[in-house]
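Labels run A, B, C, D, E and F following the written order; every chain starts at residue 1.
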Amino acid sequence: MRGNSELRPLSMEIGVQLHADGSCLVKLGRTHVLCAASLEERVPGWMKGRGTGWLTAEYGMLPAATHTRTDREAAKGRQQGRTVEIQRLIGRSLRQAVDLSALGERTLTMDCDVLNADGGTRCAAITGAWVAAALALRSRGLEAALVRQVAAVSAGIVETGEGRRGPVADLEYEEDHLAAVDCNLVVARPLAGGEAALVEFQGTGEGRPFSRAEAEALMDLGLAGCERLMAAQREALG
Amino acid sequence: MRGNSELRPLSMEIGVQLHADGSCLVKLGRTHVLCAASLEERVPGWMKGRGTGWLTAEYGMLPAATHTRTDREAAKGRQQGRTVEIQRLIGRSLRQAVDLSALGERTLTMDCDVLNADGGTRCAAITGAWVAAALALRSRGLEAALVRQVAAVSAGIVETGEGRRGPVADLEYEEDHLAAVDCNLVVARPLAGGEAALVEFQGTGEGRPFSRAEAEALMDLGLAGCERLMAAQREALG
Amino acid sequence: MRGNSELRPLSMEIGVQLHADGSCLVKLGRTHVLCAASLEERVPGWMKGRGTGWLTAEYGMLPAATHTRTDREAAKGRQQGRTVEIQRLIGRSLRQAVDLSALGERTLTMDCDVLNADGGTRCAAITGAWVAAALALRSRGLEAALVRQVAAVSAGIVETGEGRRGPVADLEYEEDHLAAVDCNLVVARPLAGGEAALVEFQGTGEGRPFSRAEAEALMDLGLAGCERLMAAQREALG
Amino acid sequence: MRGNSELRPLSMEIGVQLHADGSCLVKLGRTHVLCAASLEERVPGWMKGRGTGWLTAEYGMLPAATHTRTDREAAKGRQQGRTVEIQRLIGRSLRQAVDLSALGERTLTMDCDVLNADGGTRCAAITGAWVAAALALRSRGLEAALVRQVAAVSAGIVETGEGRRGPVADLEYEEDHLAAVDCNLVVARPLAGGEAALVEFQGTGEGRPFSRAEAEALMDLGLAGCERLMAAQREALG
Amino acid sequence: MRGNSELRPLSMEIGVQLHADGSCLVKLGRTHVLCAASLEERVPGWMKGRGTGWLTAEYGMLPAATHTRTDREAAKGRQQGRTVEIQRLIGRSLRQAVDLSALGERTLTMDCDVLNADGGTRCAAITGAWVAAALALRSRGLEAALVRQVAAVSAGIVETGEGRRGPVADLEYEEDHLAAVDCNLVVARPLAGGEAALVEFQGTGEGRPFSRAEAEALMDLGLAGCERLMAAQREALG
Amino acid sequence: MRGNSELRPLSMEIGVQLHADGSCLVKLGRTHVLCAASLEERVPGWMKGRGTGWLTAEYGMLPAATHTRTDREAAKGRQQGRTVEIQRLIGRSLRQAVDLSALGERTLTMDCDVLNADGGTRCAAITGAWVAAALALRSRGLEAALVRQVAAVSAGIVETGEGRRGPVADLEYEEDHLAAVDCNLVVARPLAGGEAALVEFQGTGEGRPFSRAEAEALMDLGLAGCERLMAAQREALG
């Protein structure tokens, strides 16, 4: 059995989407997310003429990515609330990686599509999207706009079930289901050197409220987990 | 000037919506939110036959609630991502207040509509919604289903501007705009007695990442602020 | 019991929406409508370059405003036919109050949101919106664009039930339900002096057709009722 | 030139839609509306089990029916406010023609589609829809459910332009454009014998408010015009 | 009984839509389609500045055109897949009739609305739309932009039922229902002289796959049928 | 250079979507489509109680699958016409593979999502979907419901450009762009033995009309190409 702070087996394959400016297929156990970065020479209307760029993100799940088939959002004509919430989180997180002034009047769009879902898809999406963004900026000679490395991991407090117990990192779907408390942590480290710090901490007591001590234990797990993810990101970029 | 941990002037008026099972107009400075609770004898299709109830929340802003008029979502035919994110937060938070089994096959719908927006509307909505929910359950003889008191407050780290500096509680719009880091904290305390604990902690480094120490300072402010809000909630309920 | 031509207790509170250019919370018995006027320095695309302005209106009901909760239109992604019909009526009526050429290339948007519904919400909305519009124009030094005072009242013919009978003014929900014939009258009076006259007369025989004599009796009630509403409007404006 | 109270040349052709339970192509000058009645053995969910029926109406315009092409509502994914308002008027009007209890648990759906628009399309739709409804009920042996004859005509007060002046009946598009006041009148007469009376009177002062005397002159024109339309309806039914 | 290669009785009436630049009501047996062409002095955004024009098509069915009433797409807020597929086919087919460079920066919009449906509506729409397009171009002095004559017919292989058997042209609804294989053929002939050739061939084995020989038999029927339709088109244009 | 009848390098990887009942990632040159089959124990409402099943298909493209990023349909709230047309084609084609009576009251949903697009995505989707469907039926002991093998290929007539000329099979995006005529062929072969035959032939003369001889040449290419695809399908299934 995995240790409480251990992540699932991890791989990152780059260049999977042939037309994208950057792409990365991230696999964390049975969670597989395809991330692409597209750099376009335009900004949204409300940003025109300011000389700075924008970064936005979209998230989706293939209908067959889940245990029982999920309705296709394009066919229903409406994104679910969960989807909207996740893509806002990805966008906010990745905007911490990029210096939008250095980007110029360009938009970097991150597309994160889940091919297989087994818990932690939003965190895997952020981690993979950072690799795709880095590749896209490099391929266009805009490395200078990349100012922080960003990764994300989930953690939670599991009180029942047969597997790991207590505060554990990188929850699978089954663990997530059993967790009394779960959270998503996004961590950033300046590329110019310096400490890793939190970009987002979203902790939720779905089963019961949680104490400050528990929140701190989850932060510890998250910061450690992101260290390991960041090593893998650097390796994927070569 | 307000102290860093001081909340804005606060009032809660109950019974404002005449047909609702419970309602509360909460004012926190210039942020005014009208909260209503409607108890219906039905549950969503996927819950039928389980003998337990459901609680859901919707959030809206009157178009003229903001500094420049906001488009009416009903007219645009689509709720904004921000709206969706907020109403999911309100729902999750209030579900910690209610024992859904004790509710029986009923749905409690919380409607939170912002009449005036000056920062912290989602927290004010949660705080007011708890009062409305308590009134609704009381009016229907279902007090036993109310198991925790729930309140919420925002906090942030302000580094520029002329007013409060450092970690401050209950941000106004102008402060929120200047904050490098901001967060929303939802706190619950068991009605049967016991410690207050966190239900949600959502911290975001919009301006820069934040350290664990900063996260802890914000939690301190939030827990203290919710203490004061909970006293006001009890007073409003009489 | 109220007399047949008597209106319900009436109040108008101004300045309720802090950011609006003008606002008025009108209460007519248990019908409460919050009206706001927002003046923007733009006109719709099809009006650009003509040098004249535009006035448009939107109407909504808070979900808990009605006896049993109404679905939120923003969540359903579509305004009901009734809503669309009402906001068109409010817009047409208020356009009779304003000289659009004197307004210049500006748009005055009226938002009328029902907090509590007990019959006559569209008429209350028109009456309150006129006050909000007058405040907005005054606050921007555009009083000259206000050329007529506009108010509205409902009337109907009630044949059954325990309360008022025959042609009665200002129907409550219960009376409206019992009325064989009902109508909405919008009345305007030139601010420069002159007779009040009709802007809209919409009479509907839901229960049975109605004679010309009945139509005339309803007009009498409406003109008289609007006199009283106009006195209250002037008082609210101070 | 037509007299002030004179209608445009009128024809009604029945049986134009081969599958409809009843259909009528009504031509009033250059305004051509195709009306169909479909009788289905079902009622809306909220009416089930009451033993009574329902009548509803839908209205549309072919894109090329107007002087400059109008966007197709099906392609835009949304009906215009004007469309919604008109189809509600047609439905209310025709429900006065039918005894819904005698209809049984059936729905009569009226489809009114404008092939050519030159003013007065909603009135022509009502007049033609009544013929289609009568044919549908007759073809299914439900004549007993038809209790009133219903027709509609527009009228207005024209003050400028080269044609008719003053209160005139049955406005063409060009006259409607010039009219200071216009209205739509729907009239019903019991089939069992008795006086014609008003079902709807919708008068609007688009150019200026109108007096009670003017409202009465328009009612006179409308009642007289509907007399002539009702004669033509009876002739069309043979 | 009709011969296997015989078309249904055919008529084309022009000028039916008074405001359209060109219109044609085509009747093929009990299938009646009203086609209009509107020529507007604009092109879609993505075509601006190229000096060439565009042709697009929209298709609809009146709700009462079918045996049992079809829901109105405008009311549902969404066009069916079948509708979208058909209007794309009409557009592609008619673009073969027009030299878009000779059209200049104009858009020719074809509206095809089915008044009565008895099989073959998409083919009738193409055949009638060509007449409407020719009239529109003629009325604006743009005959030079019309370079090919275009018509369409359906064909299929019927194996059961009491009527025609084997490969048959111009299927009625009942035959279409019984056909194992059906297809739609669009044929074009250069106006400057030359052979007729295929613009579209869409063959579908709904009941069973079909051989190459069968495909060829259907093409023969289609080419012959379109000859006859083209003669009728020329006659309609005078 | 590839020969005119030669297909692009081909691979099929099965089991890529872990939760799907069957899945296949088909790669044809730089066109990569992920196909999944989900078998659910329900049928659409209109089919209930007939004892037979249903097969339906949905198609999508990841936004970064194309040369310049395509808008996400889920975010726009509407599928494009092209998408709708393609998913209808996939559904019709695959329904020829399955005996719906032998399926029982179950629905087989095919999801075809394009990861990389370089021409021929709809044909690759059909070819891959057949493999996914076969796997799904096999995994549920429903092999008997699979009655035909189905594959699809594109072909076209290329007249310009530097590569292949004349009638060519399996067009890349660049060739498709240059083709005067293109078509999609779907071919089926009975699993019980027998000849391959056409399920769909869709030929379009986008650049110019095409002769019967050209149509026949394209059919030859298509039938031969599908032979080779069917061999690869059998190999993928092992």
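Convention: contacts are C-beta pairs under 8 Å (C-beta built on N, C-alpha and C of every residue); 3 or more make two chains touch, one makes a residue touch a chain.
Heads up on the chains, UniProt names are A, B, C, D, E, F = Ribonuclease PH.
A quick note: this is a predicted structure, and the numbers were derived from the prediction, not measured.
Of all chains in the assembly, none touches chain A (Ribonuclease PH) and also chain B (Ribonuclease PH). Using the mean of the Cα atoms as each chain's centre, the chain most removed from chain E (Ribonuclease PH) is B. The angle of the rotation carrying chain D (Ribonuclease PH) onto chain F (Ribonuclease PH), fitted on C-alpha atoms and rounded to the nearest 5, is 120°. Spacing of chain A (Ribonuclease PH) relative to chain F (Ribonuclease PH), judged by their CA centroids, is 33 angstrom.
Here the spacing of chain B (Ribonuclease PH) and chain F (Ribonuclease PH), counted between their Cα centres, is 50 Å. Of all residues in chain D (Ribonuclease PH), those touching 2 or more other chains are 77-78, listed in ascending order.
Chains in contact form a single ring whose order, set by starting at chain C (Ribonuclease PH) and proceeding to chain D (Ribonuclease PH), is C, D, E, F, A, B.
Chain B (Ribonuclease PH) makes touch with chain A (Ribonuclease PH) in their complex at residues 78, 81-82, 84-85, 87-88, 92, 96, 148, 183, 187-188, 195-206, 208-212, 215-216, 219, 223. Contact residues on chain D (Ribonuclease PH) toward chain E (Ribonuclease PH) in their complex (touch as defined above): 16-20, 23, 30, 34, 36-38, 40, 58, 60, 62-69, 72-75, 77-79, 83, 109, 111, 113, 115-118.
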